[in-house]
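Structures follow.
Each of the next two complexes has subunit A plus one more chain, namely subunit B in the first and subunit C in the second.
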Partner chain A sequence: MQDFLELAVGAAASGCVYGLLALAYLLMIRPTGIINFAVGEWAMVAAFGGFLLLSKLEWPYPLGMAAVLGFMLLVGWATERIAVRPLVARGAPLIAPILALLGMLVIFREIVSISFPPDPHPVPYAFGIGRLDFGLLGGSYQSFFIIGVTLLVFAATWLFFERTLAGRMFEAVALHRRAAALMGINLFRVTALSFAGGAGAAGLAGLLVSPNISAHYQMGVPLAIQGFTALVIGGVGRVEGALLGGLLLAFAEQLTVRYAPIPSGFAQGVPLLFLMVFLLVRPTGLLKARA
Partner chain B sequence: MLQLENLTASYGAAPVLQGVSLHVDEGETVALLGPNGAGKSTLLAALTGTIARRGGKILFENKNLAEMPSHEIVQHGVALVPEGRLVFAPFSVADNLRLGAVRLKGGARALRERYDHVFTLFPRLAERRAQAAGTLSGGEQQMLAIGRALMSAPRLLLLDEPFLGLAPLIVIEIRNSLRKLRAAGLSLLMVEQKLDIALDFAQRAYVLIKGRVVLADSTQNIARRADLSELYFALATSSPSAESTA
Partner chain C sequence: MSVIARWLGPVLLLSGAAFLLSDYHNDVYRKMLLWVALALGYNFLFGICGQVAFSHFAFYGIGAYSVVILLFQFHLPLPLAIVLGVVICVLVALAVAIPSTRLEGFYLALATLALAQLFVVVLNEGGALTGGTSGIANYRLPDIFGVRIRGPWFTAVIVLLVVGTYAVLWRLDRSWFGRACRAVRDNPEAAAAMGVNVARTKVIAFTLTSALAGIAGMVYAFVDNTVNPPIFGIDNAFLLLFMVIVGGAGRHAGAVIGAVLLFLLPFWLSPVVGHHHVLVFGVLVLAAILLQPRGLIGLFDFAKKPS
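Now for the complex of A and B:
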């Protein structure tokens, strides 16, 4: 039991990172139907942003974090303008922007791999290294920071969709693109904002996880897969699903590493196994969209 | 008020509208008739900018809507009640109506005035304002779809088969509501398959076949033509050489 509780906070923090990545997918997929696998590269770009501003230039953490997130919103917006809008405006099928975004994924990664040496780049912790204990539950400062920030982001996103007119407009586009356009909702603006939001969520995930794994130009793809798996587990219908999926995946991963009698290298296959099982058995995810 | 000049539009490569010209005057009710696949719904989609327009003009109050995206067209006073209603099922009646007013100008006061207008016209929607739109009956959903379109304070309302699949009593109820709107000066352009309803309700009608206007007349004159259903059939199946002059 002690053993499990020791694991719990760290697993919850990983789950939060996966949840943020799943949220990034969800923000884009809901209104547009576009699966954007570049979320992993966005997380990577933000991690390098953290390296530059926080490690090299030694900006104060809140300022550096705000700058990185602001930059990511811009990156998401620009990605939509370059790789999505020109195709959608010409009436291309949905597969076209999805493929164009895979191209963007390579572009992001290669820009970073050319610009930085190939070794891992350190990114500092938000509150330094330290350990916090609440009774039996204990974990690093960073784990608690990740959990706190993620809960805030999910609460804000939930409020946005449930309580604001702009959120209703996003949902309306998700339900019926054509009817939403007839209401006077600007579909292009919703799409651009959903990509900006997606890049913001993915970038946040990258920045939060980077102190643990260091910024590296190849860090994107595993994050993209873990986030996508979390999304498939939770379902694309609801914001809470992304967090639930992320947490379930992280606990499954950590518990297998800890207790299953397999070499730890195989644990990397756990998300893929989950992905296959869920796609076969329950492709709509755990949480259903409200009908 | 509305003037279409030689409008062409297509889904993909296949042209669906092959140069349609028609007009709707202020306060008028005009019906679009024609067999399935004639391009009636496409015409309304082209008017509201939800499909690509290839050529021609859509003049509404002297502005060319053919160049505008759909979200701007709403702002200029044209609203569509789409075929199949397309209400936002998980949202409440009130939220559905609110979304209809996304482009409404005039702040909270104008918004309240629009709610009052819709709830007076359809008291049933007021009773069910907190209910999810998906749980309403078909007739109530149609009322909601019309109410939602009215929230943008349109001067021209486009209706795509508003009575399709509704019980006769509901049809009468909705028709009476539309009459009230018309009496208040709203112009209507409606697609209707059922001749008796269309000819009784509209002042003028256009018959559309294979993407062209083949007949334009007052509904009184059209009603006197006993051969109308044969005409549909004859024109729809006539030899392509007689039709493809474009």
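Now for the complex of A and C:
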């Protein structure tokens, strides 16, 4: 039991990272139907932003974090402008922007791999290295920081969708694009905002996880897989589902590594297994979209 | 008779070329032919059946590793190793495709991305069976009927593989199954309304092309006489997709052009951009999708009959 509680905080923190990545997918899939595989690459770009501003230039953490997130919003917006909008405007099939975004994925990764040497780059912890204990539960400062920030982001996103006019606009577009356009909603603005938001969420995930795994130009693909698996587990319909899916996936992974007698590398097989099982048994995910 | 003659011509021409090339150029030629075989198969899956998958190159690896492991770890005879290798590819393909094609959308892309990622992990962690990070080396193709196939003769085997792959896919494309695949790609609802079993068509197309990739992998295993994890990484899965997009998805000629061009491009580009040719590929793909969605073959058609 002690052993499990020791694991719990760390697993919850990784689950929050997966949840943020799932949220990034969700923000883009809901209004546009586009799966953007470059989510992992966005996380990678933000991690390198963290390395540049926080490790190399030694900016104070809040300032560096704000700058990276601001930059990511811009990256998301620019990605939509380059690879999505011309195709949607032309009425190309849905697969076209998805493939164009795959091209962008490679471009992001190659630009980073050209600009930085191939070894892992350290990114600092938000509050340094240290340990916090609440009775039986204990974990590193960074774990609690990740959990706190993620809960804040999810609360804000939930409020945005449920309580603000702009959020209702997103929902309207998700329910019926044509009808929403006829009601005077600017589809392009919604798409641009969803990509900016997606890049912001993915970037945040990358920045939060990078102190633990270091910024590396190949870190994107595993994160993209884990994030999408979390989304499939939780269901595409609801914001809370993303977080729930992320937490479930992370606990399954960590418990496998801890208790199953297999090499730790095989933990990377857990997302695939989850994906298969959920697609077979419960393809709508755990939480259904509200009618 | 004329059917045999039609396929024999290209086989003789393509394998004849191998006897004129030096050892180094033979090696390059073989790898190019294997990329063409892979691109042809992937084009059927992606271009004709409209499914995005990232596992095609992993199946190439599964084929290569299974034939090597079955031959040299379990000491099975070559024909049995080949058959078992194909069976392994089919089983893995079915396990991935059946759950992921039940739903609309791009679940297959994700599941196969995860599979491709996992495959490399399994290779690295496989211990003595897969040879871990350094892979398996120092083996050679067993003699067939007492004859040792090597040099340009082995290139001729690869030519047979490419032409065989092309013949199978060409025939399939013209059958009811090929039409069903195109219908599933263009409009799944309409295809279902016309009595096409959409999920089954997708699963069969995926399994079949994955098995073809596996067979190509078995031949590849004896090109360098070594198999190791970095060869089968995720980057090549993207490269394959890019070949088909740049060449022209849905057209056999497009797949061949794309594969040849993107395979040879790094040789010409390396003095200019060093190892960063992938960036050029990314830009090419983006340009193809934005400017000419039918790829280079589309440009060619456009130049041929300007209207």
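The definition used in the following text is that the second predicted complex is superposed on the first by the 291 of 291 C-alpha atoms of A that agree within 3 Å, B and C clash if a C-alpha of one lies under 4 Å from a C-alpha of the other, contacts with A are read in each partner's own complex, and residues count from 1 in each chain.
The rule we apply is simple: a residue touches a chain if its C-beta (ideal position, glycine included) is under 8 Å from a C-beta of that chain, and two chains touch if they have at least 3 such contacts.
Bear in mind the structure is a predicted one, so any value in this text is a computation, not a measurement.
Asker: Who does A:A181 touch here: subunit B (first), subunit C (second), both, or neither?
Answerer: First partner only.
Asker: For A:V232, using the defined touch cut-off, is the partner it touches subunit B, subunit C, both, or neither? Pick first, second, both or neither.
Answerer: second
Asker: Comparing subunit B against subunit C, which has contacts with more of the residues in subunit A?
Answerer: After superposition, C is the partner touching more of subunit A.
Asker: State which residues of subunit A lie in both footprints, the one left by subunit B and the one left by subunit C.
Answerer: none
Asker: What residues on subunit A touch subunit B, complex-wise?
Answerer: 91, 165, 168-169, 171-172, 175-176, 178-188, 289-291
Asker: Tell me, which parts of subunit C touch subunit A in their complex?
Answerer: 50, 52, 95-96, 98-100, 102-103, 105-107, 109-111, 113-115, 117-118, 121-122, 124-125, 234, 238, 241-242, 245, 276, 278-279, 281-283, 285-286, 289-290, 293
Asker: Name, in rising order, each residue of subunit A that touches subunit C in their complex.
Answerer: That would be residues 35, 37, 82-83, 86-87, 92, 95-96, 98-100, 102-107, 109-111, 113-114, 221-222, 224-225, 228-229, 232, 263, 265-266, 268-269, 271-272, 275-277, 279-280, 283 of subunit A.
Asker: Quick check: in the complex, which residue numbers of subunit B touch subunit A?
Answerer: Residues 12, 48-50, 52, 69-71, 74-75, 79-80, 82, 86-91, 95, 98-100, 102-103, 134, 148-149, 152 of subunit B touch subunit A in their complex.
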